[in-house]
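In structure tokens below, several structures.
Consider the two complexes below, in which subunit A is the common component and subunit B and subunit C are the respective partners.
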Partner chain A sequence: MALFNGALLAGLGQGLVRVVRAVGTQAMVLGAATRATAQGQCDVEELRSALLRLGLGSIPVVVSTAVFVGGLMVVQSAPLLSRFGAESYLGWGAGFGILREVGPVLTGLMISGRVGSNNTAELGTLTVTEQVDGLRALAIDPAGYLIAPRVWAIILTTLIGTVVSMLVALLGAAAAGLFLLHVHPLTFYNGLTSGMLTWLDVLHGLAKALAFGVVIATSSTAFGLGATGGPPGVGRAVGGSVVATAVLIFTMDALVSITSRVQ
Partner chain B sequence: MTSDDQKSSGPSRDVAQASSRRVLRGSDYAVALSGTQEGDVQPMPGFILPHDESRASLLVTVRATFSALRHTQGHTVVAQAYEIGVRSLPFLCLVLAFVGGIIVYQAGIQAMRIVPDTSGIGPGYIELLVRDLAANLTGLMLATRVGASIAAEIGSMKVTDQLDALRLCQADPVSYLVAPRFLACVLVTPILTIIAGACALGSGTLVGALAFDIRPQNFLDPRFVTLGALATGFLKSLAFGFAIPLVSAHAGLYTRVGSQGVGDATTQAVVGSSIAVIVLGFFIGAVLHVLLGGA
Partner chain C sequence: MISLDRVYKSFESPVLRGVSLHARAGSLLGLVGPPGAGKTVLLRAIAGLTEVDAGKIRILGREMVQADSKLRRMLQSSIGMLFQNVALFDFMTVGQNVGFPLQRRGERPADVRERVRVELDEVGLSGFEDRMPSGLSGGQRRRVGIARAAVTRPPVLLYDEPAAGLDPVTTSRAFALLRKQRDRLGSTLIVVSSDIDRLLPACDEVAVMHQGRILAQGTEREVKSLGDPVIDQFLEGRIDGPL
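Moving on to the complex of A and B:
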């Protein structure tokens, strides 16, 4: 068939090699971080500063996104609810979406945009200015000094950020329900706690957050350390990292959703 | 230095003019370069951007971009439409197909929890897709993919002094770099939204058929899709097409010089345009919901 000419096959093969290489590099990053931590070489001072810089820095983005995401959920479910006159289900519908799907995914995307790309930019800068080699020359292990603190800080930030954003998004949804659909917050709360949502749903969201945290941390670190070619190379690395992380987030989302059959 | 100036000879007059002349601004260079008459001065749009960057604001970039649209050449727009549209398509389709499948799966599980009736899933899903989901998700993904690439490209040119080189060549950075990306993004985003939405529809139908035994004939039932839903979706995708390139190009144009600058600009573009998509999506959805008589 003319469709399967050499160029197409070559393109597919190159794409496959790129994907395998990216996943392999990320596994190596995670392995290096675990090894360094197990050997007690994870730099605590760096971990603290990474948590402050990356974690605290992302709170405004996460909170402001979450408010509007909560509102968005209400706006999205408004026609369905008013069609069936099922306003008492608003709390359940919004809560279900926020806790299981939208909360973790959007927090993951925003943290990938804010924290992940910041991490890639910093590591990329260190790499293209050969400061990573400088560390090695000083007999400082980059795995313990650069990789491990950042990886743990990003995973922790994603988990905490998801919890915060779930709470804020629920508040935003309650507010949007009050102002747009005239649903009393108490009705919203009753719908939320009517028993159709359990802690398993929250756990489901947190499992996703953990998976996204790992993906964001390893992908942004791998792209940062792989940057080449001066400042434009850092920019390219950031762009590549953000796109790869987005694809991985949705892949993990599908994986976690389908493997955990919480009925 | 207009042609009038050149005709008027005499050193004393020149000196008098020079001493009374205010500090040269960008528009003066533009006039000097393009050599037009004083009457029809058309400062080139790139020079509208303030040279001291402390006055930089998104509004200035937006104004400069809109006034640069007249100078934009068609073939650059086509090239950018290919770059933004065709190159983003695999990424977009992959993500939307994943999300569509997940949403149908989750909605199916929830529907089974209350009443074992799956007939509402398909129509409800299609309505959600048309009104919100396709536009919002495409917008978010474009904010990531296109926002990052616009900021990284323009930012790299900024830190390697290529923007100044363009100015020297009398090619204005805004009409040469920003306006084509802006136009291409505005044109391409609605089209991408439709294609990506179709992917999500396909994967949703597939998941419905495989996991819940919903026949595709019953799933693909557009009875809830109203004109208002179509208008909301289209308006959102258009608004995202406007916002993403402007926010990202702004971040790229004001990249700080230094090795961390481009990375920071890219971060700023991704975060800024993602927030723009979420906030615009909420407001357009809320306003149209109220206008179309929902509340």
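Moving on to the complex of A and C:
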């Protein structure tokens, strides 16, 4: 029993050290990006390229997911709303869920899976093949050329993607409401703007999107730059990044929800 | 031009154990030794890519180890380096790879194109500008790496295994190219190579490294005349001996 407790404590201790180290590394990534940008070293061409490559390519995934999720929210709630004759609350209910929770979380997870893993794989490959060292050997600061453009591009992508996701999910919900519950889109709109939902709910969702963007950007970058051991190391880094980012997204979701819960 | 004074570096175990080395300006110094001797780590330390634990590294008369980031970048910009696995940027074409250091220095695109053309011509790869690195053979990639390292005409060139995996003729051409770079650019070259038979005739001096230490440095004749059993066995490639 004592041996079991010792092993358990040792495992917990090692786990804690890993978490602290991972968070510290991510803070360093964010610090490096901020420093490089403040010093005017963020490569604008790379930022533009990253936004196009990572951001624009994510929009179809975000849109296609959001339209179904918006619709499914109505499908799930339709029987209950019909039973109580509360169809006029459909806009409020769907808006509340989409703006505060589903929009940001879903977009965060989608962007983590598509953009974050891509970022980790690219940086991991650059790292294990010494291309990052190649940049440093050319007196090019990787913080300005590789890190800052990707970090800001991912944060911006997550923010813009969340706004798009919210809008498309609401449209999907309105469409599902029309076809399943015969709720006129105007009724849906009136429910949405009846005053029970405010801009604070939108800001709540955007605050989550910002937090998720930071988490996805720093986690995927840190795992990529920390890759070792050739191609298998890149694979391990991608896997680690996806899992860690997902855990962090839900952690940040809980933190933001608790600190700004509805009164 | 390049001098190292009692440089130490440990990872899990000591890799550099008080390395002292001197490369004269405009000379070609061959750095040889058995695998695991610390040659690559030493090159990376000179290039400022690996932090050393102790010691001094002076490049162009300036101290690299204690340098702030601005001075370090300045010193690094005076160094061209070829990595052991070449490390070409695989998301760029050959021309973009070679021209990248010039482009980052704000050179005019027309000048960059011309310099790229000249450097690729020097390494025998004229017309390869638009090819991607993934479509090149190992020898071609290595020659592109040599062209990229030299494109800014830096006063210091560090080459880690420039002839690895090359056939004998291409290897001879690669070393002839390095001598040509030394003569044409007046650069100081430090070259790590396992191909001792072809490296030694190309060098002005050779340094033999073993277990993180420089055993000897001098001309080929001077080093061979020392009678050190490790050096003799390594340079002669004998099976029996202390190695």
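By definition in this document, the second predicted complex is superposed on the first by the 256 of 263 C-alpha atoms of A that agree within 3 Å, B and C clash if a C-alpha of one lies under 4 Å from a C-alpha of the other, contacts with A are read in each partner's own complex, and residues count from 1 in each chain.
The definition used in the following text is that a contact is a pair of C-beta atoms (placed from the backbone, for glycine too) under 8 Å apart; a residue touches a chain by one contact, two chains touch by 3 or more.
Every value quoted in this text rests on a predicted model; they were computed, and no experiment measured them.
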{"item": "Subunit B versus subunit C as contact partner of A:7, first or second or both or neither", "value": "neither"}
{"item": "First, second, both or neither for A:176, with subunit B first and subunit C second", "value": "first"}
{"item": "Touching partner for A:44 - first (subunit B), second (subunit C), both, neither", "value": "neither"}
{"item": "Partner chain in contact with A:129 - subunit B first, subunit C second, else both or neither", "value": "both"}
{"item": "Subunit B versus subunit C, judged by how many residues of subunit A each one touches", "value": "B"}
{"item": "Touching partner for A:82 - first (subunit B), second (subunit C), both, neither", "value": "first"}
{"item": "Which of subunit B and subunit C A:247 touches, first, second, both or neither", "value": "first"}
{"item": "Contacts of A:68 with subunit B and subunit C, given as first, second, both or neither", "value": "first"}
{"item": "Subunit B versus subunit C as contact partner of A:138, first or second or both or neither", "value": "second"}
{"item": "Contact residues common to both interfaces of subunit A (with subunit B and with subunit C)", "value": "125, 129"}
{"item": "Subunit A-touching residues of subunit B, taken from the complex the two chains share", "value": "91, 94-95, 98-99, 101-103, 105-106, 109-110, 112-114, 124, 127-128, 131-133, 136, 140-141, 144-145, 148-149, 151-153, 155-156, 159-160, 224, 229, 258-267, 270-271, 274-275, 278-279, 281-282, 285-286, 289-290, 294-295"}
{"item": "Interfacial residue positions of subunit A with respect to subunit C in the complex", "value": "125, 129-131, 133-134, 136-141"}
{"item": "Partner subunit B, residues of subunit A touching it in the complex", "value": "61, 64-65, 68-69, 71-72, 75-76, 78-80, 82-83, 96, 100-101, 106, 109-110, 113-114, 117-118, 120-122, 124-125, 128-129, 176, 180-182, 196, 230-232, 234-239, 242-243, 246-247, 250-251, 253-254, 257-258, 261-263"}
{"item": "Sites on subunit C touched by subunit A in the complex", "value": "44, 47-49, 73-74, 76-77, 79-81, 83-85, 87-90, 100-101, 104"}
